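Going in written order, the chains are labelled A, B, C and D, and every chain counts its residues from 1.
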Amino acid sequence: MKKIKIGIFGVTGYTGIELLKILSNHPMADIIFVGANSNIGPYVDEIIPNLKISKRLKIRKNSEILKIKKIDLIFSCLPGGGLISMYNKVKRMGAKIIDLSGDFRLGKRSHAQWYKSRRNASTLKDFQYILPEINKDKINRKKNISNPGCYATSILLGLIPIANNLKDLEDIIVDTKSGISGAGKSGNLEHSFSESYDNLSTYNVGNHRHAPEVEQLIFKESGKKINLIMVPHLLPIKRGIMSNIYISRKTPFNHKQILKSFKDYYLDSNFVKVLETGLPKINDVQNTNMCQIGIKVMPQNRILLISSVIDNLTKGASGQAVQNMNLLFNLEENLGL
Amino acid sequence: MKKIKIGIFGVTGYTGIELLKILSNHPMADIIFVGANSNIGPYVDEIIPNLKISKRLKIRKNSEILKIKKIDLIFSCLPGGGLISMYNKVKRMGAKIIDLSGDFRLGKRSHAQWYKSRRNASTLKDFQYILPEINKDKINRKKNISNPGCYATSILLGLIPIANNLKDLEDIIVDTKSGISGAGKSGNLEHSFSESYDNLSTYNVGNHRHAPEVEQLIFKESGKKINLIMVPHLLPIKRGIMSNIYISRKTPFNHKQILKSFKDYYLDSNFVKVLETGLPKINDVQNTNMCQIGIKVMPQNRILLISSVIDNLTKGASGQAVQNMNLLFNLEENLGL
Amino acid sequence: MKKIKIGIFGVTGYTGIELLKILSNHPMADIIFVGANSNIGPYVDEIIPNLKISKRLKIRKNSEILKIKKIDLIFSCLPGGGLISMYNKVKRMGAKIIDLSGDFRLGKRSHAQWYKSRRNASTLKDFQYILPEINKDKINRKKNISNPGCYATSILLGLIPIANNLKDLEDIIVDTKSGISGAGKSGNLEHSFSESYDNLSTYNVGNHRHAPEVEQLIFKESGKKINLIMVPHLLPIKRGIMSNIYISRKTPFNHKQILKSFKDYYLDSNFVKVLETGLPKINDVQNTNMCQIGIKVMPQNRILLISSVIDNLTKGASGQAVQNMNLLFNLEENLGL
Amino acid sequence: MKKIKIGIFGVTGYTGIELLKILSNHPMADIIFVGANSNIGPYVDEIIPNLKISKRLKIRKNSEILKIKKIDLIFSCLPGGGLISMYNKVKRMGAKIIDLSGDFRLGKRSHAQWYKSRRNASTLKDFQYILPEINKDKINRKKNISNPGCYATSILLGLIPIANNLKDLEDIIVDTKSGISGAGKSGNLEHSFSESYDNLSTYNVGNHRHAPEVEQLIFKESGKKINLIMVPHLLPIKRGIMSNIYISRKTPFNHKQILKSFKDYYLDSNFVKVLETGLPKINDVQNTNMCQIGIKVMPQNRILLISSVIDNLTKGASGQAVQNMNLLFNLEENLGL
């Protein structure tokens, strides 16, 4: 079988670097292009010192990909608007695209509300939102993929097994904490060491783009319109997300039943582990493509806590993107992961 | 006015050290005894290198306090059971006691359920639980004080202004994170650097002693029996607590009204600051005796988030203990703080 | 005695904030002006949430100080070039100035080599470099003060007691590590949390401005021209410096003698503590104006290690600036510190 | 080719876990036994949540290995004395042993001075100290291997290319910092989060066991008796070592020449990268088996700084142990690494 010829946009960002690390160990990946907006010129292994890669790849301008004749797949690790600005030209190259930004995640109306990047309606049709554990059976191998957001991944994997049991318009509280690499390579003062270290702060409370992303997929999969109350935190570590999902109910929750529904849902999953007892910690998944989920029926049995942890750069971004690549190219879902 | 002659039990623990630092700047405090269970012999400033104290105090065995003739106040920073084991002898000295452990916080039935330390019923009568912002008006200057717990302080200060509006048996979710000094000087592997660093984990979920402590005071003050759903985390910083309190309601919350009720409640408070907008971060209160509270009515107006931050070693322990000392001895509440 | 009327330039930077915290507890300080380049308008306690200050001070543009009639002292916490650009106008106000930048630390030739900021020769004459423990006896109360650098303070305090024993042109290796607040409020990627956290890196190796600063004062005080080999590190903590100073000699070092020379030198010092045994750690001095020094004659007695720790924001900047204020205004050196 | 049947002692410590992670990706490794002193009973993937291992392995008592019939290789990750206590029995099994403790690193006289563990002279003969980049050509495939220490690895790799140029009895200063996992799973208070975090401290200054280890190998390889002045630090990160090696000389150092000697020495090395310019940082090697070395001739050309970084758990322990396994079993040196 022939290797997949791959190009990467935005290779010098944290998700780009992580993607490169994963792909350089992937038996079917042949990286032939790495692009960036700055740091043009040097080889990637000069910029990313702990990369182990046999091939020497020069960092080129993203737009230089157009000079390449044969390419099968492009990963875009660009921030919002980056891929859109060159999409029409890139489309003509005929390669599949997996986009890690938020640009193609939301439907028309939500997108206009939550994102500034202007998207052409026809462009949106080229993309499908795939979170493998949830909707890989619906994958269309002729379409591009919009890769899920990091918070959204951790929350969706925690919610989906019981989505059918949710009520319409139910309020679901998610107290969620992310390592600071989630903000990307950032020169914002709030992401500086001296401000973030030895601290904990909330941001975009009740107002984070990943909330409509979760609500949208829950609706598509279960028909339930939920109301996600999302409280994100800047956690003073580099990598990892813990999402605590709280669901209230008048009728008592039954731990056994709920645990069973989770275990059944993830029975064949390579990347989701449901804990028999206890709740997971962030260390348990760092530097892996795993999601770990713990379940706790709280005293009085009226509140259910689902605690879901992932590494925001792997399962929350580049690992999941490679998982999506595997599915798109009909490879084993966990190849190279 | 004569200075207060003070003894400290357990001076080498984190709350003992913090107390010593605060008292060494207090104009009315005359520390005459510092005791410990280990590290007996050296001067405190040899053991605690960044202490600025004019007086040279040798660390003695806690029990040696009995040799002292005239003492006005004893702070006990011992872990659970420590003070109880020597209480009868100490009581005869006639000094007031402020106990920072959990031993005298809960009423009879709850205590038996949550604490192993055996307490004499008559002993309990000697103590009153005082969280100054809430019940300082009820202080009895002839009694000892049981100082509130750190989590409990952060949660109670966030709940009390609207306690009267709570329903009976209401579920209140508190997702709360504490710096690791909250565990004291600990040789437990889970509190080691290599296990706690770069991590986030939950513990005692739905099963933390500070939950009944909160429920008890809310009941005393408002007559409401609430059900506190408490989810504590080990946060990889040294000092600081953030408690996110979530309250649900069918009838919409009104931000202005709630904010007003908080501002009214803390109008004359030296140590609680209610934010007009936004939510506080842990940095805002570290190394101070302040509590900062932010309020956010979440989208759809059915869920209220109250976010409360304190430093667990100051307002959550030794700072509040000095505040209680000031009240007990009829001094300005914020003297030396 | 009348309070000192004080203005602060650059109050929103880390040294400005620290200065404000110290001065708000200083019995002789009356802060009447706080200036900044950005964040103009709000009160300082709105910007600096954990500040305890009784007076409400609005942040104004630095240049608005010129509208003030009577002012005794200006602290400039501006970065290099900031004070110089407005110096002539400020000078006419007749206030003393304590400058925390590097602009007035070096003599003419070194300055041109190490700093880009252009300084007028006549301006330099208005300033004196005072590191109190070393040359406070030479203070001229009619002149301004150039406050020493953070690394330089830690190194000079470790070197000065034996400076007379140094050889001319001796190589002195200093392996020194600083918390990241030393870089100021920085939007540089290398000072971002995700880059600095869980890391250790060197920078400006053999090429740091504080090396000539140390060499200059050692020369002035002892007549010895040393060659400081300085290796600074970005240490992943917020506050604190540890400087390990290595001195080689053919004739064996004698621990007792050296310790005695250090103890003698700092006999009356309020802020330098020489350890009898062992070496200090950064925790020992954080949030204090102390320098702690440990001495170790290494095996074979041919190499002497002097390990010196300070808090870069207090003794390395704002605490020392207040110490200098006390000296300049004939107050007790440790007043308010 | 048949896979190597492998047993691991001390699998639940940090080096044991790391070894397991590496070996579970190694194409020639067949782990058939994992032992520990505590945590006996569960499967390793229950204890080590982020382990990806296809085989389910129960943790057994170390001594149960004696029940196994056919085993090719034992890795001992036990602390000092652990392997010695069961060595005679284990020896009879006929398997090769790679020991990661310090028990078989030093010659007779040094061992008695630096280690308490009592070693039989005949036992020592069964072991050879192999640091692959330095002496793999001398490997005896019939003998066991004593795996180098973490600090020693970082220092030796930085010193060896110029060892022949060193003078006899030369003083070599090494200011070295290690992440706290170097202390193993430790319940010591000094390794607790609250003591180590936000801190930097030195320990075993001029008195660390890895100094004689370095001196011994340098002597064996170059005939030079050097005097290693080693100053270790507890660095508040989990993984990584930076060793700054300072060498003084009267005759000027030449950067080009030295760089060439390093590049020549490591020409064919898989795991050592010599930087053309600049000095490495710890992030550059974390979670890899790489050593990165930077060279800087300091101003005046009389002092040479060699800065060497490794990950203490991989190149400093388990990664290097697998490298040694590859060599012992005649596999490609970098297989599975």
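Here are some notes:
Following the convention adopted for this analysis, a residue touches a chain if its C-beta (ideal position, glycine included) is under 8 Å from a C-beta of that chain, and two chains touch if they have at least 3 such contacts.
What you see is a predicted model; the values in this text were computed from it and never measured.
Comparing the centres of all chains, each the average of its CA atoms, the largest separation from chain C belongs to A.
Across A-C and A-D, the chain pair carrying more C-beta contacts is A-C. The distance from the centre of chain A to the centre of chain B, with each centre set as the mean of the Cα atoms, comes to 40 Å. If you average the CA atoms of chain A and of chain D, the two centres end up 37 Å from each other. Averaged Cα coordinates give chain A a centre that lies 46 Å from the centre of chain C. Multi-chain contact residues of chain A (touching two or more other chains) are listed as 195, 198, 236-238, 283, 286.
On the chain C side of its complex with chain D, the touching residues are 171, 173, 175, 177, 195, 198-202, 205-207, 227, 229, 231, 235-238, 240, 242, 244, 246, 248, 279, 281-283, 286, 296, 298-300, 302-303, 305, 307.
Per the touch definition, chain A reaches chain C in the complex via residues 14, 180-181, 183, 185-189, 191-198, 236-238.
Listed in rising order, the residues of chain D touching chain A in the complex are 49-50, 52, 198, 273, 280, 283-288, 290, 292.
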